[in-house]
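Consider the two complexes below, in which chain A is the common component and chain B and chain C are the respective partners.
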Partner chain A sequence: MTSWIEKQRSILDYTLSSLIRRKGKNISLFIVYTLVVFILASAMFFTEAMKREASLILKGAPEMVVQRLLMGRYDPIPLDYLQKIRGIRGVISADARLWGYYYDPAVGANYTVMAPRNQSIAQGKIIIGKGIARVRMINKGDILSFHAYDGQVRSFTIDGELPAASELVSADLILITEAGFRDLFGFPASHATDIVVSVRNPQELLTIARKISEQLPDTRPIIRDEIVRTYDSVFDWRGGMVIVLIMMALLAFVIFAWEKASGLSAEEKREIGILKAIGWETSDVIAVKTYEGSVVSFFSFAFGILLAYGHVFFSSAFLFAPALKGWSVLYPDFRITPFIDPHQVGILFFLTVVPYTVATIVPSWRAAIVDPDSVMRS
Partner chain B sequence: MILHPAIVALVLVSFLIGGMMIYSAFFGVRIIGRWDIKSGSEEQLALERKTYLISTILSYVFVFQIGSLFLYVYTADSLHNLFVGAMCAAGSLYVDPYGYPTFILKILNCILAGLWLIVNYVDNRAYDYPLIRKKYVMLLILTPFFITEGISQWLYFAQMRADVITSCCGSLFSSERSGVGSEIAGLPVKAAMAGFYLSLVLTFATGLVFLIKEKWGRLFSFASGLLFLMSCVALVSFISLYFYELPTHHCPFCVLQREYGYIGYLLYAALLTGAVSGLGVGVLVTIRGGASLSGTLPLVQRRLAMICFLAYAMFAGISIYRMVSTDFTLGLF
Partner chain C sequence: MIRLLNVRKGFNLGRTNEFIAVGGVDLSLEGNRITVLKGPSGSGKTTLLSLIGCMSRPTSGRISLLRNLLGNNGFLKDGDTPEVEVTSLPERFLTEIRRQTFGFIFQQLNLIKGVTVLENILLPAYPLGKKHGVVKKRAEELLDMFGLGDRAAARVEWLSGGEAQRVAIARALMNDPPIIIADEPTAHLDSKLSREFMDIIAHLKGQGKTIIIASHDPLVFEAPVVDRVIAVRDGMIDGAGA
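Take a look at the complex of A and B:
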């Protein structure tokens, strides 16, 4: 056993010194390799982090939302539906929600306007999100005017800003009184945007959803789990798309690695020839090449992941965010919570190190079978 | 098809492994047909050099195969929230009929590749390659298994559909579908326990006879294979219950999670090592080898038997320790 370890140690020793001797070739390989790992890792860390953020936010979302459909399109829901839903056994509460979008031509952005159910706001006052405060450069005490549905201007005094902690969801949010909301949009008093339902036993969610759609056939109940599932698969799909696109780059990298590994210089060939002449076996030379590959892979993989970590979690993935986050004018300003799990590292390993290793098997073997006699003669 | 990064990685690796196996099998056919150790011809020299390439390739295949087995389980687990009713990997694998066959093929291929490497290792100890033809016939038998695994895995992922909201209706789809089964039913606990402990005793008894008297090698090997199967059954029907401390949760995958300290990796690694080394003894006894191996073969067999002992002892030790140390009880004793 000790002799085996000693042998491996000597081979590793030789490998490292030969890697250092050929600095130029190996550094170019290292840079390209690191770049490939970096791009893939950034895409994956970012989508995974977005999934986590989304699921954390959705934890606070209502268990079930009931919307009304008219001609297959979403429509305001009549308030008398509330009584019918409350009458279903197992429903703890059903409440109407008032929310909508307001397009502000001054900044070209959509705001989300909402009348909160459990927060009282004084008449003629509003509370705004950080994003709006930033783009409109307004603060507490300032007046914000809106064009109402009838073309008249309605003005509201800003009563405060929403806390920064909730910025991911509240960057574009405006909280307003119910009366102000109905007045601004000309929304009839008999209707609401949608209804949120809470249920005593979560296992009964599906049954209650079915009862609602039976009793009120023109509605569609949406369960929180379904939203989580949809977000998950949308982010997975985006991440997968990016990876499929990067696959082309990966292919180029594999060809590059193949070239690098098979383009042996005359000097390298002579070196291997001498090693074999002094008693090294073919398998020992293959071992050297394997160690070489592992050392390069280890450093490139580790360095690529570190770079991607910095890129995603410290600079909020400034290179990829526009493509992966989705489309919006008012981006929330937030820093993603750092999070990596072994699964992601495993996937990255399979996407980068494995193709690289496979590409170098045949070239290493070719290098290892050189005939010492013919190489040293030439 | 769900375009999850892990699925892309698994499919990519299965393509690479399949390609490497076909490439090796192609040369395997040539070696079986043309190998002549006494000849000094150009072709024989080329074939001898090729054997180095094939053993290198197969070593990598073995490593990647083990990795892909664990990645597969992990991926199935992380996909569970896309399907109604699935609680963990056990549920996601039920989503379509190819989930479990792929999983079983992956385990089988790990063991087969491990056995091939053992034979290869022994063959390389001798100067005249006594096992070369048998080794490459074995390789030809292995290749279809790997290709089947790749196809089955592809079908599994290709047929996957996430239960997401469509524009016309929300939960209607969820309520119409009955949902996939999220629990695996285990064998009755007493029968599984009896089978597990009996095969454990059988393996250790025949193993001792083999180590001391160098006979019953095949019986020992058979017992260790049986123990592998019984351990899998035991894991599902009672060992997992002690880890989860829950009398209804028979999942063999959740032990791989962080909540249980990743202890599952140790358990499965021990099981796979035990199976490969135990079955390896039987394979070596069966194919024997010429005079040039008479010195090394018994040595390798003894070592394999020791490794098999250690691995199964570790598996049984961890499981039994957990059963004894936890407050949870199945109320059998």
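Take a look at the complex of A and C:
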């Protein structure tokens, strides 16, 4: 055992001196390797954190939303549907919601305009999200004007800004009175955008949804869990899209690693031949190459992960945000809660470290099984 | 001590460029002697050395070594005959023999560039798993023996030709092998350094080593310290050399 430890120690000594000897090659490998891990880990951390962020916010979303459909498309829902829904056993409450989108040509952005049910807003006043405040450079007390449905201008005084904590979903939000909303969009008093429903027993959600569909066949009940799943898949899809691109980067990295780590130079092949000739076994040579590869791999991986962590959680993923936070003029400005999924880090480890290690060992093994006799003739 | 029986070595067998480097050599080499294989380039000297040193296997024939030359190699059994036939041993055991029984001095020296003199000398000892302090002490003794004590930390590419040659000899002696094999050791040395090399060889013989040299340099095969000269030509032993 002591002999084995001493042997490994000697081999490690030699590995270190080899790493230093070929520092140019190893530093370039380290930089490329770290960069690939950084990009991959940033995408993983970011998409995972966004999914968590969205699911936390959606916890406060209504259990069920009922929309009306006309020819398979969304249509405003008549308010008399409220009574029919409230009459279904198990329904605690049903409330109409008023919300819509307003396109602001001045900044090329879409705002979400909403008349809140449980927040009183004075007539002629609005409350805006931080994204709008930033992009329009307006603050409390300023006046914001809109082109109404009839072509006339409606002006509102800004009464405040929405809190930063909810910025992921409120960056583009404008809260307005019900009267103001109907006046701005010309929305009939007999209709609402949709209806939110609360139920007594969450286990009965599906049954109640079925009953609503039966009683009001032109409606579509949407359950919160479905929204959560949709958000999950949206962020996964976005993450997935980036990962497809990154897989190409990874492939380029594998080719690079194969060329750099595996494509042994004539000098390295000669060195392996010398070691074999003076009594090193094939396994000793492979051990040196494995240690070499592991050192480069481990440090690059660790450094790449650290950089990605800093990038995503301390600098709000400034490199990826435009692509991953959504396609909008009004990007939310918020700091993501640090969160790492060990499972994902494990996958990343196998995506990077394993190909690199194989790329390092296989050609060394091929060089190491050549007759040491070749050294006599070099 | 070392016996070769009808040893043949061919390359690219069965192809149009087939080449027989050694063609049926029978040879016995004695211990504690300096033997020189003499012959022109391409005569098969280096191939013969490589076969004797277990660097390659013969195409046919047998090579046997005296058992006490093989030290405490793992493949030896108590019931083995005094001579052990090595040609049929697996590569792992041949590596063990190369490590413990032979010390090699190559024509191109084959020192590892970018590595210090001390580490180059230590390299053959690494797979042995001996305590670092012990092998380092041995390497330093060898450095002192060859007047290289102050060059231990120097990189080998900074050395003069003579110094590099001495480092190669020190490396060959690191594991204290009973047999030293040297292939054209004076090919890149001037006459003075060649004589110095032969002095070192004589010293090693004095320590009980067996030395086998391949050379076509008269300074080597005509040196008074040489016990036996074997002429090699066209892959065969010429005359009564065997």
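Just so we're on the same page, the second predicted complex is superposed on the first by the 353 of 378 C-alpha atoms of A that agree within 3 Å, B and C clash if a C-alpha of one lies under 4 Å from a C-alpha of the other, contacts with A are read in each partner's own complex, and residues count from 1 in each chain.
The working rule: a contact is a pair of C-beta atoms (placed from the backbone, for glycine too) under 8 Å apart; a residue touches a chain by one contact, two chains touch by 3 or more.
The shown structure was predicted, so the numbers you read here are calculated from the model rather than taken from an experiment.
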Mind working out whether A:4 is in touch with chain B, chain C, both or neither, as first, second, both or neither?
second
Kindly classify A:244 by the partners it touches after superposition: chain B alone (first), chain C alone (second), both, or neither?
first
Thinking of the overlay built on chain A, is A:94 touched by chain B (first), by chain C (second), by both, or by neither?
neither
Chain A: partner with more touched residues, chain B or chain C:
B
After the superposition on A, what does A:226 contact: first (chain B), second (chain C), both or neither?
first
Identify the partner contact of A:346: answer first if only chain B is touched, second if only chain C is, both if each is, neither if none is.
first
Counting only touches as set out at the top, which of chain B and chain C does A:365 meet: first, second, both, neither?
first
Output check: A:275 vs chain B and chain C. Expected answer is one of first, second, both, neither. What do you get?
second
After superposition on the shared chain, which partner residues are touched by A:14: those of chain B (first), chain C (second), both, or neither?
second
Same chain A residues contacting chain B and chain C, which ones?
282
Residue positions on chain B within touch of chain A in the complex are 2-10, 12-13, 16, 20, 49, 52-53, 56-57, 60, 64, 67-68, 70-71, 74-75, 78, 81-82, 124, 162-165, 168-172, 174-175
Would you pull the chain A residues touching chain C in the complex into a rising list?
2-7, 9-11, 13-14, 17, 21, 267, 270-271, 274-282, 284, 371-373, 375-378
Taking the complex as given, what residues does chain C use to touch chain A?
46, 49-50, 55-56, 91-92, 95-96, 98-100, 104, 106-108, 110, 112-115, 119, 122-132, 135, 171, 175, 183
If you look only at chain A, which of its residues touch chain B in the complex?
43-44, 47, 64, 72, 205-207, 209-210, 213, 220-223, 225-230, 232-233, 236-237, 239-241, 243-244, 247, 282-283, 286, 290, 343, 346-347, 349-351, 354-355, 357-358, 361-362, 364-365, 368-369
